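Below, each structure is written out as structure tokens.
Two complexes follow with chain A in common, the first pairing it with chain B and the second with chain C.
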Partner chain A sequence: MASILPARWTRVRRAVVALGALALLYGIAAAIGADRLPRRIWMSPHYVEDVELLPTYPSLAYELGFLVESGILAGAVAVSAGRVLAGVVLGSIIGILLGLATGRATRLEYLTDPWVTFFKFTPALALLPLFVLWFGYDEVSKVLLIAANVGVVVLLGTHQAVRNVPGVYLEAAASLGASPGLALRKIVLPAAFPQVFASIRVAMGLGWVTIVVAELINPRMPSLGYLLTLAGAYPRVSTMVVGIGTIGAVVLLFDMLALLLHARVTRWMGRSA
Partner chain B sequence: MTPAGTRGARLEAVDVGYVYPGRTATQALDGLTLDVGDNEFLAVLGPVGCGKTTLLRIFAGFLRPASGTVRCDGAAIDGPGSQRGYVLQEDAIFPWMTVRENVEFGLMARGIDAAGRRAVSAELLDLIGLSAFEDAHPKELSAGMSKMVEVARVLATDPSILLLDEPFGALDAQTRARLQEALGRLWEQRRKTVLFVTHDAEEAIHLADRIVVLSSRPGRIKAEFRVDLPRPRSLETRFSAAFSDLKRRIWEVLGLGGVSAREQVPRIAGS
Partner chain C sequence: MKSTTRQRYALGLLSLVTLVVAYTLVSNAYRVIDPASLPDALGGLLRPDVLPPTQAVVEAFRELAGGSGPPAAGARVQVSEQLAGLRREGVTLPASIVITTARVLFGLAVGMPLGILVGFLMGWSRKADDYLHPIYVLLRSVPPLAMITYIMLWLGHSEAHRLIPIVYAVAAAVVIPTYHGVRDVAGRYLVAARSLGARGRLLLARVVLPAARPAMLAGLRYGIAIAWMTAVGAEMLMAENGMGNLLVGGGMWSTRLQTRTDPAVVMAGIITLAGAGWVMDAAARVLTARLTRWQR
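This part shows the complex of A and B:
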């Protein structure tokens, strides 16, 4: 137990150093580029004046200040995070249920495997027009698009996790008189949990990847996806950098929360990751 | 539930054969007939790959014999059941449960309430000397302690038969000896019919009433020994003349000592 905490802080320290180095390099590049990069950019039908290709820290600070003060950023984060969470929760529930079923019943796996393989790598953008037609322009389409992308990942993770449950546990449970239901609840679920959870973590990241695409549907403020789309249309690079940085920070935060939860729930394991 | 040790259930194998399918099909057991009951402690002894585990898994209900029949108290065995407590060779303690939850698992499967489960687990943990660890997770236990928890877990539902598959096989010599003592004491307090599989002759002698030696692939009964050493058996038993005499006879059957060694020595000396 005691050995985990220092290890975690070492990792945090390394992450801070790595991100600090990135920030420093960017600062140097922006400072050098400020006077040298072109400010007049050809955007297909016309020229756009006064574009800052590598915004300096002062202009980033100004932009961040504006987005925070106006409440745009907070609103966008809240709305987008809500959609990601809803999509990930829905997709994970469906993925876990299907994964448990296919992991336990080989015959069902034969049936679903071709479907999963077929849709595994279908990009969200390809599904977008279809989802808009089927589910409309509102929240439903956005959440379902994330759920569809995320669900496949969790399904595969859960399926594999269930298959990896050591047979000795199932045999021991069966010879102790456990019914299939009890074995599922008390043996399969806890034994598979760490791997299922790992797939949900991946799904959470994928949810944030999908949200930017999902928010192209009926684009409206506040949302991080539309903020980025809008920034691209102007174009305003400082807004893009702040938006991308915000998404990165929120993903990091979500992942850290997930890891804390993971450590808490899997205290029984020999060594926490 | 039957009160501990009132009756000994009977296990029978009649002319049992088992073949592991595959590109090179392996005849693991062939024409094996065995009978154990009346709270007898029977040890099945044999080299690695002689089909001991196969036999036990057939009795446990996880394998169906290719030929012959297996019965438990006269009824054909057609699957696992908690009247035959089975301790696997591998570590099968549930690592996500506490020691107490492990011991209570079989009782939970029977739908016994928390208070009832608690009473049984407290008694068993006391019996194996692990009361202090009831809320610990298995990662905090030594390998020997884990194995005893597995034995206690099986005993919790008070099965009429115990099937033990080299439970102490992966442990160091001292821990083995200690757990053998513990198991011996446990069995003397709660008599049951036991089928104990091992490759260790000393372990078999120390614990069993009767020892069956299997031949290597296909497993057939090669010899049978009665162990008439007095109980309770202790450390002293291990160093008694009767003990080492029996061990020598078993080793001869296993082809490890005696005759073949004596044959070889003069030949080398004479050449």
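This part shows the complex of A and C:
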């Protein structure tokens, strides 16, 4: 334990250094650009007035203060995070189950292949009008849109992971008399876990990307997606930055929790460095 | 080997045909049963303007294939608002899919090497991981489609605000699989290889790259899917050509996503996208089989 603690501190220190350097560089750029960058910009149909291309820290702080004080930000985060989580959980469950099945049973893979392809290359935005028509304007459409988008990624990851389990392991287990269920639990699941996990991490990121699109359905204010859409429509860069920064912070939090879980679950696996 | 290939296509075709037949039956059920007599949840779905019958989708394909010119006199001219708008602007399926494919290929060509490089660095060196990971997570959380307006503020109305989000989305998607491949998979062989005295370029070329290759190729396949998604999304919001433009029925930016959609056109577009995506994925699959032959 004593040897792990300093290593972890090094990681934290380096993360702070990296993010601090980035923040400093941005601050310098914004300070230089404040007087030099144009504030009146031609956006094809008309001019946009009073644009801050690189908002300075004071103006960001003002914007953040307003959004926090009015309670807009907290409400938006709660609502959007709930939707993303629901969509990712639903999509991951479906994706993992299907991926395990298609990875193990080749015939099932052949049968489901056309459908998976269909969903895989269907962008979330293209599904939007159809989902609204079919599932209405409520939460269901939003959660399903995220789940459909995320499920395919997890399905592909799980499928590939199961396929990558060396055949020798399974043959050895079978020759020792392991039942398919035991082989699944003791060999396929542990061996496939890292890659399945990687795909869920990608899915989580994708879920946060999709939410911006999903929240174009019946846009209501407590939601991060609509906040970003509004900021883009005006356009108000400081609101965009605060919104994106909030999403970044939430994703970072989720990712850290996921990595912590990952380290805990795969403690049995030897790892270099 | 040959019989499994045949089986793959036979089963794929079987499920496809079953799906199409089932869909045709369900979507034409309104001719036999009055939707109004059914419970609301079901009756609302069975209307032809909600679940377009297969014939309508085929019709949309024919209308959009191009070369048909203005409708012949006396022909049934009851096209939806979206279809009429697309014809007025001369939008066709073949032209749209070519443009979108070009954007996707650009995104992959620039985004893949970028993502692999970053993922490799992070997986290979603990130090690089510590410094780059927080920045990567911060950057990745920027939704590609939210960047469009910002890029437009800087660069004006150009191709850049369609291509940059695609490149960025592909790169961000490829980093994590590469990272896990290099760190977790290759890491296991690394200990053995080091103890046998391998180092430097030998270690990289003979141990790490082959071991991480399956994960990188899985990353390529994510990348392809995400490139299509972003390309179409960007085109739906801000482009005057490509598949996304077709899906929303063209027109001015401000009216997009507000016009009444014709589900038959949307379905025709989605099917075309799926077909094009399938071709690209098949190529990636052949590549995967070829490059990971040692695994079998």
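The rule is short, and it goes like this: the second predicted complex is superposed on the first by the 242 of 273 C-alpha atoms of A that agree within 3 Å, B and C clash if a C-alpha of one lies under 4 Å from a C-alpha of the other, contacts with A are read in each partner's own complex, and residues count from 1 in each chain.
As a working rule, a contact is a pair of C-beta atoms (placed from the backbone, for glycine too) under 8 Å apart; a residue touches a chain by one contact, two chains touch by 3 or more.
Not measured: the values here are computed from a predicted model.
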| item | value |
| --- | --- |
| Partner chain in contact with A:His46 - chain B first, chain C second, else both or neither | neither |
| First (chain B), second (chain C), both or neither touched by A:Asn164 | second |
| Partner chain in contact with A:Leu156 - chain B first, chain C second, else both or neither | second |
| Touched partner set for A:Trp208, first chain B, second chain C, both or neither | second |
| First (chain B), second (chain C), both or neither touched by A:Arg264 | neither |
| Which superposed partner A:Met240 touches (first chain B, second chain C, both, neither) | second |
| First, second, both or neither for A:Lys186, with chain B first and chain C second | first |
| Partner chain(s) touched by A:Leu22 [first = chain B, second = chain C, both, neither] | second |
| Per-residue contact with chain A, leading partner among chain C and chain B | C |
| First (chain B), second (chain C), both or neither touched by A:Ala126 | second |
| Intersection of chain A interface sets (partners chain B, chain C) | 166, 269-270 |
| Sites on chain A touched by chain B in the complex | 166, 168-169, 171-179, 182, 186-187, 190-191, 193, 266-270 |
| Touch list for chain B against partner chain A, complex | 60-62, 80-82, 84-86, 88, 90-92, 94-97, 105-106, 108-110, 137-139, 150, 153-154, 157 |
| Chain C contact footprint on chain A (complex, rising order) | 10-11, 14-15, 17-19, 22, 41-44, 48, 51, 53, 106-107, 110-115, 117-118, 120-130, 133-134, 149, 152-153, 156-157, 160, 164, 166-167, 194-195, 197-199, 201-202, 205-206, 208-209, 211-213, 216, 228, 232-233, 235, 237, 240, 243-244, 247-248, 250-252, 255, 269-273 |
| In the complex with chain A, residue positions of chain C that touch it | 4, 7-8, 10-12, 14-16, 19, 45, 50-51, 126-127, 130-135, 137-138, 140-146, 148-150, 152-154, 156-157, 169, 172-173, 176-177, 179-180, 183-185, 187-188, 190-191, 214-215, 218, 221-222, 225-226, 228-233, 236-237, 244, 247, 257, 261, 263, 266-267, 269-271, 273-274, 276-278, 281, 295-296 |
